[in-house]
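Take a look at the structures listed below.
One chain, subunit A, links the two complexes that follow: it is found with subunit B in the first and with subunit C in the second.
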Partner chain A sequence: MRAFTFERASSVEAAAKSVASNPDARFIAGGTNLLDLMKLEIETPTHLIDVNGLGLDKIEATTDGGLRIGALVRNTDLAAHETVRRDYGLLSRALVAGASGQLRNKATTSGNLLQRTRCPYFYDTNQPCNKRQPGSGCSALGGISRQLGVMGVSEACIATHPSDMAVAMRALDAVVETVKPDGTIRSVKIEDFHRLPGDTPHIETVLERGEFITAVSLPPPVGGRHIYRKVRDRASYAFALVSVGAIIQSDGKGRVAVGGVAHKPWRLEAADVELPKGAKAASGALLAGSRPTEQNKFKIDLVERTLGAVISEARG
Partner chain B sequence: MKFETPAKTNPIDNLKVVGQPIHRIDGELKTTGRAMYAYEWHDPNLHYAYGYPLGSSIAKGRIKSMDVAAAEAAPGVMSVVTTLSVGELGKGKLNTAKLFGGDEIQHYHQAIAVVVAETFEQARAAASLIKVEYQEESGTFDLAEAKMSAVKPKDTDGAPPDTAVGDFDGAFYAAAVSMDETYTTPDQSHSMMEPHASIALWHGDELTVWTSSQMIDWWRSDLATTLGIDKEKIHMMSPFIGGGFGGKLFLRSDAVLAAIAAKATGRPVKVALPRPLLVNNTTHRPATIQRIRIGADKSGMITAIGHESWSGDLPGGGPETAVMQTRLLYAGENRMTAMRLAELNLPEGNAMRAPGEAPGLMALEIAIDEMAEKLGLDPIEFRILNDTQVDPEKPERPFSHRNLVGCLKLGAERFGWNDRKKPGARREGNWLIGLGVAAGFRNNLVMPSGARVRLGNDGVVNVETDMTDIGTGSYTIIAQTAAEMMGVAVDKVGVHLGDSRFPISAGSGGQFGANSATSGVYAACVKLREAVAMRLGFNSDDVVFENGEVRSGNRSVPLAAAAGAEGLVGEDTMEWGDLTDTHQQSTFGAHFVEVGVDLATGETRVRRMLAVCAAGRIINPITARSQVIGAMTMGVGLALFEELAVDTRRGFFVNHDLASYEVPVHADIPYQEVIFLDETDPMSSPMKAKGVGELGLCGVSAAIANAIYNATGVRVRDYPITLDKVIGDLPEVA
Partner chain C sequence: MTYASTVSMKVNGERRDLEVDNRTSLLDALREHLHLTGTKKGCDHGQCGACTVLVNGVRINSCLTLAVMHDGDEVTTIEGLGQPDNLHPMQAAFVKHDGFQCGYCTPGQICSSVAVLEEIKANLPSHVTVSLTERTRISEAEIRERMSGNICRCGAYSNIVEAIVEAAGTRA
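Presenting the complex of A and B:
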């Protein structure tokens, strides 16, 4: 870990400006991802801006009947919130499937969205990795790739986004609210928020330098059965091999987002349309054009089977 | 004392303290954070400096140059010692790869520098500023590829690499029923909680080291060799160890780097290996490829049994001895075993969690399950049918005591084995349910073990031995042994461990610790009892030590009074005669497991576990049970997810942290039941006890594999049994 200076932000605008003016500055929220990365020198900021004290830790109803989640709301609090549990059960279930109780007590909404991949080569600074060091190559291609992506992958990177929470937010059509350093506010649909790796896997979202997440808002509840099924080798405290987040209505229609397969939570309108026909059809549409490796091709089958179980649970 | 003839009745048989369920005497220190682990030693009068190691970023080659200017100039840095600047160092007798010194790189993350600074953070930050230029060489990293070039190894822990009895080939081909399958186990990591850590301090030419070591004397000797100093100049302490599992049997780089860094700076220096270095800098259990062939007649009697195993290691290393149990576990007139060793340039392979038997049984006990099915026999019945009371390779050598059959029968009854259905036939909701069984087997090793016992004029007995407690309960069972021998309560015994100033003990490993070290304490107590009797003028043959008193005939004296003003001391080392040659000493068990396999995802979750153990006298049922359930937990890990992923291009284990090398978490472990058969083994020691810790692991993983087969009808022969190896053959999801 490199030495760094530390600042407690006085306002959202000041925080955004501070990061914008210093290329080696980062926001720090719960710190559960950033600090680990700093210890391994995968991230080497020289200045940290603590954004925990800005009052962004509230969950409020919106006028259109939705919910606005402050960026600094802890994962534990979000999962336990009454409205979330009642109307957005998928989100609550996805959150508690992630990490551990202690981590969720620290982890925040914005930090969770921005957590970085768990590709093992990303964590070893001796190894080439385009995401960590652009242009150095991708060690996972031809290497150990069991955990990694099968959809939207590129020659430069096949990493996945590891968040459970984001999968639920994708299915719920969440919107990310931000403030830019110049004070402009914008709303980014979750589907547009994370990028595919392409040639620039080190650029993971559409956020601009210094752009600060203030909240994530959810549209009014859509009803239906909310099921989050996370598949992993051990029973707890492990990232998903794949996860399926689905909202299924009584007529069999619904939506499905999948984790553990791509650089972003993976959902396609075309697959949602197929849902009433069953898992084979929906997963076929969802994973059309997949590019798995020898080590992770099982994910194709696994998504279909898991979705099958989710659909029958929704019916039963 | 030399143990040469089977134990007769002795004071241990009173079982007033030994055999009782006594809670750990060091438990309170641990739960209140007062047990000092290596890195935590803190003398307020000492001004510690912090060393941070740098590991090689290539697997094989040479270092051409190292530029340390930036690191030396970094804030707080006192010294940067590199593998080049330190020159060639010695290599410990028990180390395969050298730990530090010289320009040769033998494996990934080999230590190549230590940066010493005022704070840990400064040392860590500076370490990354070192620039290294390598001359990289190509290496061999893939066991499957290297298998063809594997050779008969020289060093196999004193056992021959190959054995053969009768005409295996002839009998195998002639057998009415036979099987021939290949199994694989991956490279595995100890992954204990406490990383390797040491603090070193020099006074002139005398070196003091606080460390985390299972074997004080091995470490001390090899540290002396590595540094080229006299062993007597080293004082080594390791009173508490946060797990080792074999990873702390042999000297590691933390102690070497701390000693060198302390020398360079004149300060006491703390060095802990960062978690990512644990995997590739230290040792691991090597992967195996195992071929098993079994032939039997129609009645199920084994007529031919063959087990071959291939593993790899660095030049000069040894094989994973995976065939050992097959030499002893089942009858059969025609038999063969063979081990072959390939040269690999991965980090050093070495002992981990029941070396040999753990991976050996992972294969053998699936094979037995497969064979039973072919024969149409229940797997328990098949095992009982082929039980042997003698070493099947040398029938003139009986087992000292063997009750595998008792374990299997009692376990079957308690576990409800008869409820087992045909493969794939039991379903509860989304779960396919299956039961599995495997035999547990692990040899009982004995090692010379010394102790010193002091009796004070307060009647308190203090035991000193360099024995270690790696979380196993050594403190407690040693206290029980001394209490029983001296006729006092456990709270009148002080136990002092893990210090090179104390007599050399067995140390902790190979499940030899408990039986050997308590026997050493027994021997020292015999000496002390003689000294007490002599002082009191008692005839030592009829003296009784009981309730804090010494009695002879109708005379009775408080033990404290016998001590006199200066106290009395007894010191001895237990040594071993040839009973381990004339008799085969082993421990036995039966492992029963119920699993659920998710019909859709193929995830396996263990639902119930039972171990029945026959391991001689159980010195303390609480600590023994803790050993066994911990071992069963490891068996779950090895069966279901533990695997070091090898990058065969760059030659290293990629998943070098606890997020990616998965060991079981609480949610993976169901209720575990352990039953110890009530038995003693007078051939093993005056304690009549044997090892038990590693027995708890041996067989568990195969029982899980067999349960998965019973649940699903899918036979997986490559560990770990992850869902991707199962789902392809599961029924369609409704």
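Presenting the complex of A and C:
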């Protein structure tokens, strides 16, 4: 690990300014992903700003009947929150499907959104990777690609976003609230928050340098059955091959987001419309234009079958 | 510009003041600075759980957190849970049920399992919890799921689960 200076942030504005003024500075919250990457020298910050003491760990009802989740709320606490369990069960289910108990106790809401891919070539510093070293090439194309993306991929990158939580957030139409270094605030819809890789896979979100996530807010609850089904190589503590998060109403209408297939949680409103017709129609619309590799084309069928199981469970 | 910091934490009930390189993980601070070598370094990447300790009563991977981020925190390691002449009920249950073979993962398994019972008591849901709105109950399925962040290369899992079930019973 490279040496770095360390400070505890005194305010959101000061933290944002501090990162904006130093291109090699990073915020640190739970640290479960950043420190791992620093040990491997994939991340090499020269300055860390600890944002844990800023009091952004509250979950509050909003005036419109929704919920505002502080950026520093731990995954464990979010999954266990009474309102989340009752009204946003999909979010609880997605959270507890991810990582381990120890990691969820540290991992934060904003850190979960900002975690990096687990593409094995991103982690292998002996191999080219456009995300780690722009312009060096993509080793995954033509390499071991079983875990990797089938939607929205590019010639530069086929990595996936590894989060379970973000899949639920996408289905729930979450909004990411931020503060920029100049003090302006903005709200970014979750659908616009993560970028597709294109030819700049190292730029993963629309956040600007120093822009700080303060909260993630959810619109009022929409009812329905909340189901998160994750398919992986082990029964627990493994990243998804595919995951399906859905909210299905009693009339069969609903919404569905899929994890493990793209550089962002994958949802298309045009596919939601097809849900009452069944899994084949909905997954066909959701995965239209897919570009799988020989090794991960099974994900196309797996999404359809997993969605089929989710729809059956919702009816049952 | 300084790459080191001072940090003060309470470890197993005793206040400890340390000067550490900012890069020092909590795990290395415990082992190398405080010589509390009960906490083990397995993978050093948060994948195996051997480094599990309790911070303010909550279990975390001590390898994936910086010592400097724990100023004012209360840390409990395996040495703080029990001693050879005064075993924690979970330690006694692991001995009774042979919940280990080589023993390397055991301090992490025990710290984790003590916290697991607290998490179930606090009604925190898990991936196998049937209903999010009803009270979570202790079961083998719950214990197995919640312990999935602690790997045992000797494969003592079935005995580990038996030990935790017994410790849960003696506590209740």
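To be clear about the criterion, the second predicted complex is superposed on the first by the 316 of 316 C-alpha atoms of A that agree within 3 Å, B and C clash if a C-alpha of one lies under 4 Å from a C-alpha of the other, contacts with A are read in each partner's own complex, and residues count from 1 in each chain.
The working rule: a residue touches a chain if its C-beta (ideal position, glycine included) is under 8 Å from a C-beta of that chain, and two chains touch if they have at least 3 such contacts.
Fair warning: this is a prediction, and the values are worked out from it, not measured in the lab.
Of the two partner chains, subunit B is the only one that A:143 touches; subunit C does not reach it. Applying the stated contact rule after C-alpha superposition, one finds that A:127 touches subunit B and leaves subunit C untouched. In the superposed model, A:237 lies in contact with both subunit B and subunit C. Of the two partner chains, neither subunit B nor subunit C is touched by A:217. Of the two partner chains, neither subunit B nor subunit C is touched by A:22. After overlaying the two complexes on the shared chain, residue contacts for A:200 are found with neither subunit B nor subunit C. In the superposition on chain A, A:83 makes contact with neither subunit B nor subunit C.
Looking at the shared chain after the overlay, A:3 reaches both subunit B and subunit C.
By the document's definition of touching, of the two partners only subunit B reaches A:118; subunit C does not.
Common to the subunit B-facing and subunit C-facing surfaces of subunit A are residues 1, 3, 39, 234-237. Here subunit A touches subunit C in the complex through residues 1, 3-6, 28, 31-32, 35-36, 39, 48, 50, 52, 76, 79-80, 85-86, 89, 92-93, 96-97, 99-103, 105-106, 234-237, going by the rule given at the top.
By the touch rule above, subunit C contacts subunit A in their complex via residues 1-3, 5, 21-23, 25, 44-46, 49, 52, 58-61, 64-66, 68-69, 112, 115-116, 119, 122-127, 129, 132-133, 144-150. Those residues of subunit B lying in contact with subunit A across their complex are 57, 75, 121, 124-125, 128, 276, 430, 598-603, 605, 640-641, 645, 647, 649-650, 654-657, 659-660, 662, 664-668, 720, 722-724, 727-728, 730, 733-734. Subunit A meets subunit B in the complex at residues 1-3, 39-41, 118, 120-121, 123-127, 139, 142-144, 146-147, 229, 231-239, 241, 279, 298, 301-302, 304-306, 308-309, 312.
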